[in-house]
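One structure below.
Here the chain labels run A, B, C, D, E and F in written order, and each chain numbers its own residues starting at 1.
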């Protein structure tokens, strides 16, 4: 199987940011995103999804390297200071490179 | 920690395909799978999970290299044309190689 | 984008273990975790989340290499024998190394 | 205007102003399970009061209606709308099948106006749900090279959630009869219209979300989704007259004929005719025909059928 | 047949024909929270009418019953069924504890037949839920090298969802009394049987899903899951007679004894005795005993207890 | 004690003993959609019976109250509590806005004691929800370098779920009137208090979960969250007297003034003033003021307002 190298950017953050984040991600050049409702804990304490203010989402974006950098940087500068946020990047392979 | 190299195949697609996809994955030699309900957006527009026709699932399969190729290829040829589908593959390590 | 290498440990297991697992993970040195409700299938048969006893969770932990080993080892020795459990580890990059 | 319709409009408006109002998926599913069961039970309880024999000719007429409708819709879609075969068949299947919620709204409409109807009408909802879908699939597959797995498909259609719940409710109502169901009546019958109102709120949110799809698909679907239901309603009314239904029954059958499926049909067509574009059919059935029927159609069909019945 | 049972059968059939019908998890959880609270409230309201003192001997008798049952089940499982110690203890714990839904079905059964019973019976549900589980854990741990964290376990069992809701409802009902709860009565009491029917639909879906597990575990569990409940029901009936319950109360206590847990016990055993195979106990309690009790058992226990009571 | 309050305490206790009891998210959301719609409908139905003109002065008075309260709270937070500007503004916004559930508990309180009130009070809930939030944002932004996107914010606040449902219910109730809503009345009015009880169970679970946040934020919030509501209640009572409300209406307006938002305000402030620490405001509004109002406040405000009214 021949795969093409891409980046997977994963952003775990407060669900209040969902709509803004999606807009930002698409503006920065990604062609898609996938979102999942999660709960968790970290520096900002436990976020157990028991109350609206306590819900997290996990956003996954497959994109090329520059877009990944742009998204990660953007999230760091715009959201990471004031919102519970975790970002990581992984190397993955995709089959249809034209899609991402 | 000694880990053994395996592939992680991730398929994001319409939830209508769940039962067929699971059958295919097991037939192609994987020993397990994990499924999560997600929403997202891509070439086929926003799939916001607001209606039954608009729901996505995210299927994760840990397997060896040939199985990963087989699954990715199969999904591409059988589903990718007509269904909103995203597939990617990552390198991971597992502790109990006999399990996957 | 400069990223710092970390490990991502993913544990897929029975949801009955959630609170114990979280305690263990934080004790072993991780600073956070993210949990998602999933369903799946493997050696222990299909776990379709149709009944309380049949629910899986997927726990994601970003941490350094030794912590990753410790968590993976711990899960293997404490839970893997008696509970439906899958663990894998991936290499990822994070932006804010002090966080993990 | 009926409160049920106002709840629908509230949903539409909330969506159009981009409110963050959403019904949780589980709530939507729960409400729809409730509605399907309640409609089934209601029909079943009434069926228990009737001898079944005399109904058989009516059953035949209704089935025929269900087979005919998609056959009428298909050429319009294919040659007027210039849809390709899969898309034309898929939309035809949606309009051949029925919308249970539209039916419920029509029942509420009749109730409010004191127009009686054959209480076993839910039986016809069950009967009309399937044939349209089957004919739609046949239309797509005739001449197509790819073979269709009829077994799997029949299973998908016949044992789909909505048929199982409707039929299940019908049979339980029929076996139990009104007395044994007394303790269930409070939940399933007395609260029905209020739960329907909640469901209509969700329908408004979803229907309004389909409007942007419409912009892409153009005017044809708008015309199709409003004109065809009117014609189908008239046909339904005629069939109702033919099989001897009352005025109320005829309005309901007309409305059923005019309604388009957005639950059973999309699921079945996605599996059976994957090359069809699902947003076309949903834009038409959810985004055009459902609101049209609820806001304009039902009173209109009342008039048309009333005219047929000389009432 | 009671509609409640028909809903159960609908679920079973839907699952057997592999329909895609599923109740959303949140709905299932919501319904079960409702049922637990409602049963608790009902018992509490009745308790408010009684002096508590005279109940104490009954409480003692019931607790003794709860301790005895798993001790009877264990040797059968260990030596006839040839289960290993953890599996035998786990299944014994499930049968020592009780099923709240089976109890609710039995209450509905009595109501329909106009058989009165002590209205504070929900108290006994609470009392019978815990001892069986504790005894089961003890059976597993005696002689096992691994130490058991009793603190954590006691917490798990005593503050588990079902005990908290049942006891909470009981206490709220008891403190408030019937009058203050008047505005809540509509939801919690009048809609009870209908909500129970919806829950039974889900139980049918889940129970039928356990049947394939049974094939693996063989005939022994099938026999165990049908014969033992009958014996336990008889024992429950005798204890009821001993502590002076009415015929209705005895049928309920018999049914409770015959019922097997599938919510509290699985959760507790999974944590306390992880080496036990959870699908064994669930296959037996959910796949065999629950359907058996609902379809055959309750009327049978009615007869058996009726015989004891000379009625 | 009212059962509604007992359900709240059950939730608190369940959480404090670390029970695994949780209401599924979808259930919580469903219940809150129901409550918002029901309160709106109730108010709308009553509004339909009144000429609107004479209400306008009352509307003005209530709006003024909503603008004043956060302006009073801010300096206390800033200079007594030594909060930084964003935190002080955010907490002020929460206390300037209102809690719909506290309002519902107060309505239940009046009902039980047979104290009548202006039935269109839900209108004031809508009117009081927004101004406090807007003033809070203004307080945060005055002098801050970062510009605020007022358009997006106005949208967030005005079309947020709770405003849409409350206003939607109000308008539907108003257009339809009591008769047309008859079939909906069973669900929305008769079951109201019971659903409120279920919701209070969830509120108890969540409120108790906020207590540990309090330990970090110290005594000031505890004092603020209990003393300020009492003062606000008195102010609300005075305003009520000024605009000519009845005793019951004044108790409700006082309770509204005393209540703090934990749904609309947190969502808006999170977007508008991200640098504010959300757990501060939630600890105060959910962890202190909500329980205080429910357990102690409402009867207290009854006395205080009664004194004002010479009753």
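Observations
Rule of thumb we're sticking to: a residue touches a chain if its C-beta (ideal position, glycine included) is under 8 Å from a C-beta of that chain, and two chains touch if they have at least 3 such contacts.
Keep in mind that this is a model prediction, so the values were computed, not measured.
Path length between chain A and chain C in the chain contact graph, taken as the least number of steps between touching chains: 1.
Rounded to a multiple of 5, the Cα-based rotation taking chain D onto chain E is 120 degrees. At the interface between chain E and chain F, two copies of one sequence, fewer than half of the residue numbers in use appear on both sides, so the contact is built from largely different positions.
If you average the CA atoms of chain A and of chain B, the two centres end up 19 Å from each other.
With centres taken as mean Cα positions, chain F sits 34 Å from chain A. Separation between the centroids of chain B and chain F, computed from CA atoms only, is 46 Å. The mean-CA centres of chain C and chain F are about 40 angstrom from one another, to the nearest whole unit.
Among all residues of chain B, those that touch two or more other chains are 36, 90-91. Shared interface positions of chain D, defined as residues touching 2 or more other chains, are 22, 24-27, 30. Which chains touch which is summed up as A-B, A-C, A-F, B-C, B-D, C-E, D-E, D-F, E-F.
Of all the residues in chain B, the ones that touch chain A in their complex are 12, 36-43, 56, 58, 68-69, 72-73, 76, 80, 86-91. Of all residues in chain D, only 1-3, 6-7, 10, 13-14, 17-27, 30, 108, 111-112, 190-195, 197-198 touch chain F in the complex they form. Listing the residues of chain F that touch chain A in their complex gives 22, 25, 205-206, 209, 262-263, 266-267, 270-271, 274-275, 278-279, 282, 286. Interface residues of chain C, counted against chain E in their complex, comprise 14, 16, 20, 45, 48-53, 79, 81-83. Interface of chain D with chain E (complex): residues 24-27, 29-30, 33-34, 37, 155, 159-161, 164-165, 168, 171-172, 175-176, 180-181, 183-188.
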